[in-house]
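Both complexes below contain chain A, partnered by chain B and then by chain C.
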Partner chain A sequence: MEQLGNIVSTICILMAWSYLIKENAFYTFAEHLLVGMAVGRGIAYTIEVQLTPRIVDEMMGQGRWSLLIPAVIGCLIYFRFAKGYEWVSRICMAVWIGYGAGNALAFNPATYMPQVFDTFIKLDSIDNIIYFLIVISVVWYFIFTVRKDSGFGQQFSVVGRYALMIAFGSAYGSITMSYLSLIIGQLEIILRDTLHLLK
Partner chain B sequence: MTLTLLAEEAPKGILFFAPEMFWDCIMIASLFVLVFWMIQRARAGLPIPDIRRIAGLEAIDEALGRATEMGKPIHFSPGMSTFGSEMYAGLAVLSYVAKMAAQYDTKMVVTTRRPQIHPVAAEIVKQAYLEAGRPDAYNPDDIRFVSEWQFSYTAAVMGIFQREQPAANLMIGYWMAEALVLAEAGAQAGCIQIGANTNIFQIHFFIVTCDYTLIGEELFAASAYLSKDPMLTGTVVAQDMLKMVIGVLVVIGTIMATVTGSAQGLIDFLSL
Partner chain C sequence: MDWEKLQHIDIRILYAIILLCMIIPMFKPLGMPVAVSENTQKVYQVIEDLPDGSVIWVSHDTGSGNAPELNPMITALARQAFRKNCKLVGTAFFSETVGPTLLYDYINEVAEEMGKEYGVDWVNLGYRLNAEACMKVMVDDVWAGVGGVDWSGTSLENFPLMQQVRSIRNDVDLIFVTTVGTPGYGDWMAYVAQPLNKPLTGGASLTMYSGVQHYIRSGQLKGFLGGLRGAAEYEQLVEHPGQGLAGMDAQSMGHITVLVFLLLGNIGYFMVRGKNSRQ
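So, the complex of A and B:
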């Protein structure tokens, strides 16, 4: 049974990789399989993780009837399919958007100040001086409404941009290495687990 | 599947006042005051500063023009996040791009990953076509919810790139591990690509694969930059002022730490 699973995994990996040559029927099949599985899993997940514990267990079982409010609001989205009553679904969207904005406003700022405090460092080493200059120049780079066409302002903004690019280059290298490890994992499934060419 | 119970993510209990968030509160309140002040200035016709040139946003018109000349569609995605600052910024750009696409009579394919984003994106595009005076050109089938699974979405959009061969690919929002895969697939399909991302662990993939990239905060200035609306510009000016205050704080804190050996006094004051 395990070997059957490995063979299926290998076939799926090869079908997905066939995209690298060009789009073909094998890739399309793998793509539709993946999307179809996601839909199936999504429905099962919603029933198992949301509907059953919330509606059946908590609301109907334990009598937490307050859950009826978000449940009803969520169901309003299906009014999109009711001709003439599509506007009702906007109530659901309005709640979602309002909740998202409120949540972001209330809980995101708490992360800002500790970051600011962490930049209060002694300029007693080259590392710290570079760190300080990069923080200030990058903040300067992201100020959009001050003219930086020439002079020190422009040059300092360029320093910020270069600092960003160096940081991105470093992250690019490390994350590419982690992606290579993913490819190695796939090759292990094909060469070791399925074809038994590696030990 | 679209039913998400909001109660799940809500904090437990009711917090009327959280002392540790005093300065965060001050910061938000200052931002409100600054935004309000700038909007009032804009409404009164008083001058407010312009936003500096952002190449990635200027390239949107070029990308649309290219798609129109080639008679090919454009692909737009507002990113992988749910409702939040990146998504709102992405949807604001979507509104602009949809209006332009309607004016140019260019087919626009919008793909979304989140089921709750899909109806909002559809409404925005529909409204944009209406405002452009071309409601008949709006095709709801071009606004596609693909899959909530990250890599199912990625695989499906890669397929769309190959089957529909868009001339331009705009990925404006928050992106994760799919950033490189999608941008590479877009490049392989020959798209002119504009990417925007606030995820510092993935943005470099856009920088190496896209023709133009909006880095982090540039995404949030996009709606004001594109619309040239003085009121939206006012909000960017207000945010810039707050950034300058933070920059000054960093300088003061660093000077204190260097001269006196510690900036704990300032930290304690700001941590009231």
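So, the complex of A and C:
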């Protein structure tokens, strides 16, 4: 059974990779298969692990009927399909956005403030000096209310721009490395698990 | 030489060459050295410093795309944790299908090998909708956060480990998160680790790794593993080579090939530009 799974994986990988030659029916089939399976499993998982425990155990078993309130608010989103009553679905979105905004304001500073504090460092090493200067230059680059047409202000802004470009380059390099790792994972399924060519 | 050609190589030829360069070392390993970085050492050490029998919360927040990079991290973590008789409680918030299944498979493989029992030494709680709300509830009541069942819908009443783990606040000693996006380490940091002052570590896909550096620097992350390379380094520290180390030769060859093509492309570009300006 495990070998059958590996063979199916290999066929799907090869169908997906066939896109590199050109778009074709095999690739489209693999794409639809993935989406269909993910959605199907997602629905089954949601019913089994999310809905059943909440409804059967918590609401009906423990009498936590207050859970009906968020459930009803959530269901309002389906009013998008009721002609003339689309506005009702906005209640659901309003609750969601209000919750999200409040949540972000309450919790995000706890994450970002240590970053700010970390820039208050002793300038006693090359690393710290570079770090400090880069932070200041990038912040300066993003201050658009001050004219930076010439002089030191312009030069310092350029330093900030170069720092950003180096950061983007580093991120892009990491992405390339990451994609190669993914190829290795697929090759292992084909060569080791399915064809048994690798130990 | 026609430098113009260097910039217009058929992309399919490049794909084929990169693939070939990656396959060859898989058959004939080159044994390229893998030096352990400071960040990986920190991850290993923060787990090693935990008292034996501690509870580690592991969240495999990955999808299918980046799983090959992150799976070896879970294996190595399970190996280190079980060796110290630590308990593992797992979740997976990024994907409701891939994460929980992989988390189960990879921990289970190590658990069976090391004689650890599901429900006693580790539990997989799986995926839940609305990660941030679930995390916040689990801070004080893990059972309520996950609706009282594990990833397969089995009641937590059946698991001795879950009698011990009632809240993250009081019963969890460290959080280990693999991450490819949101939800990921950012949510765990904002809603759990920072408010509770719990050590947070783990690993990220390389696509995200440059973005976590400042969190490591500020101490909000106690080290972090970077992609397959980080996993390979961690496997070295755990002294059990696995998928991470096995893939490193292929990855290194892939990098070298990409670098060579980048260089050739740029040489071609500058030569053509020089030729045009002379004309």
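Rule of thumb we're sticking to: the second predicted complex is superposed on the first by the 194 of 199 C-alpha atoms of A that agree within 3 Å, B and C clash if a C-alpha of one lies under 4 Å from a C-alpha of the other, contacts with A are read in each partner's own complex, and residues count from 1 in each chain.
The working rule: contacts are C-beta pairs under 8 Å (C-beta built on N, C-alpha and C of every residue); 3 or more make two chains touch, one makes a residue touch a chain.
Predicted model, so just to flag it, every value in this text is computed and none were measured.
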{"item": "First, second, both or neither for A:54, with chain B first and chain C second", "value": "both"}
{"item": "Touched partner set for A:74, first chain B, second chain C, both or neither", "value": "first"}
{"item": "Which superposed partner A:5 touches (first chain B, second chain C, both, neither)", "value": "neither"}
{"item": "Which of chain B and chain C A:175 touches, first, second, both or neither", "value": "both"}
{"item": "Chain B versus chain C as contact partner of A:27, first or second or both or neither", "value": "first"}
{"item": "Which superposed partner A:66 touches (first chain B, second chain C, both, neither)", "value": "first"}
{"item": "Residue contacts with chain A in the superposition, chain B compared against chain C", "value": "B"}
{"item": "Which superposed partner A:136 touches (first chain B, second chain C, both, neither)", "value": "first"}
{"item": "Touched partner set for A:102, first chain B, second chain C, both or neither", "value": "neither"}
{"item": "Partner chain in contact with A:46 - chain B first, chain C second, else both or neither", "value": "both"}
{"item": "Common interface positions of chain A, toward chain B and toward chain C", "value": "37-38, 41-42, 45-46, 50, 54, 103, 107-108, 110, 117, 167, 171, 175"}
{"item": "Complex interface listing, chain A residues touching chain B", "value": "16, 19, 22-23, 27-28, 30-31, 34-35, 37-39, 41-43, 45-46, 50-51, 54, 66-67, 70-71, 73-75, 77, 80, 89-90, 93, 95-97, 99-101, 103-105, 107-110, 112-113, 116-117, 119-124, 132, 135-136, 139-140, 142-148, 164-165, 167-169, 171-172, 175, 179"}
{"item": "Residues of chain C defined as touching chain A within the complex", "value": "12, 15, 18-19, 22-23, 26-27, 65-69, 71, 96-97, 126-129, 132, 147-149, 151-153, 186, 189-191, 194-195, 205-211, 214-215, 217-220, 226-229, 243, 246-247, 250-251, 254-255, 258"}
{"item": "Chain B residues within the chain A interface of the complex", "value": "1-9, 11, 20-21, 23-25, 27-28, 48-52, 54, 82-85, 87-88, 116, 119-120, 123, 146-149, 151-153, 155-156, 158-159, 162-163, 180, 185, 200-205, 207-208, 215-218, 221, 225, 233, 236-237, 240, 243-244, 246-247, 249-251, 253-254, 256-258, 261, 263, 266-267, 270-271"}
{"item": "List of chain A residues in touch with chain C within their complex", "value": "20-21, 37-38, 41-42, 45-46, 48-50, 52-54, 57-58, 103, 107-108, 110-111, 114-115, 117-118, 167, 170-171, 174-178, 180-188, 191, 197-198"}
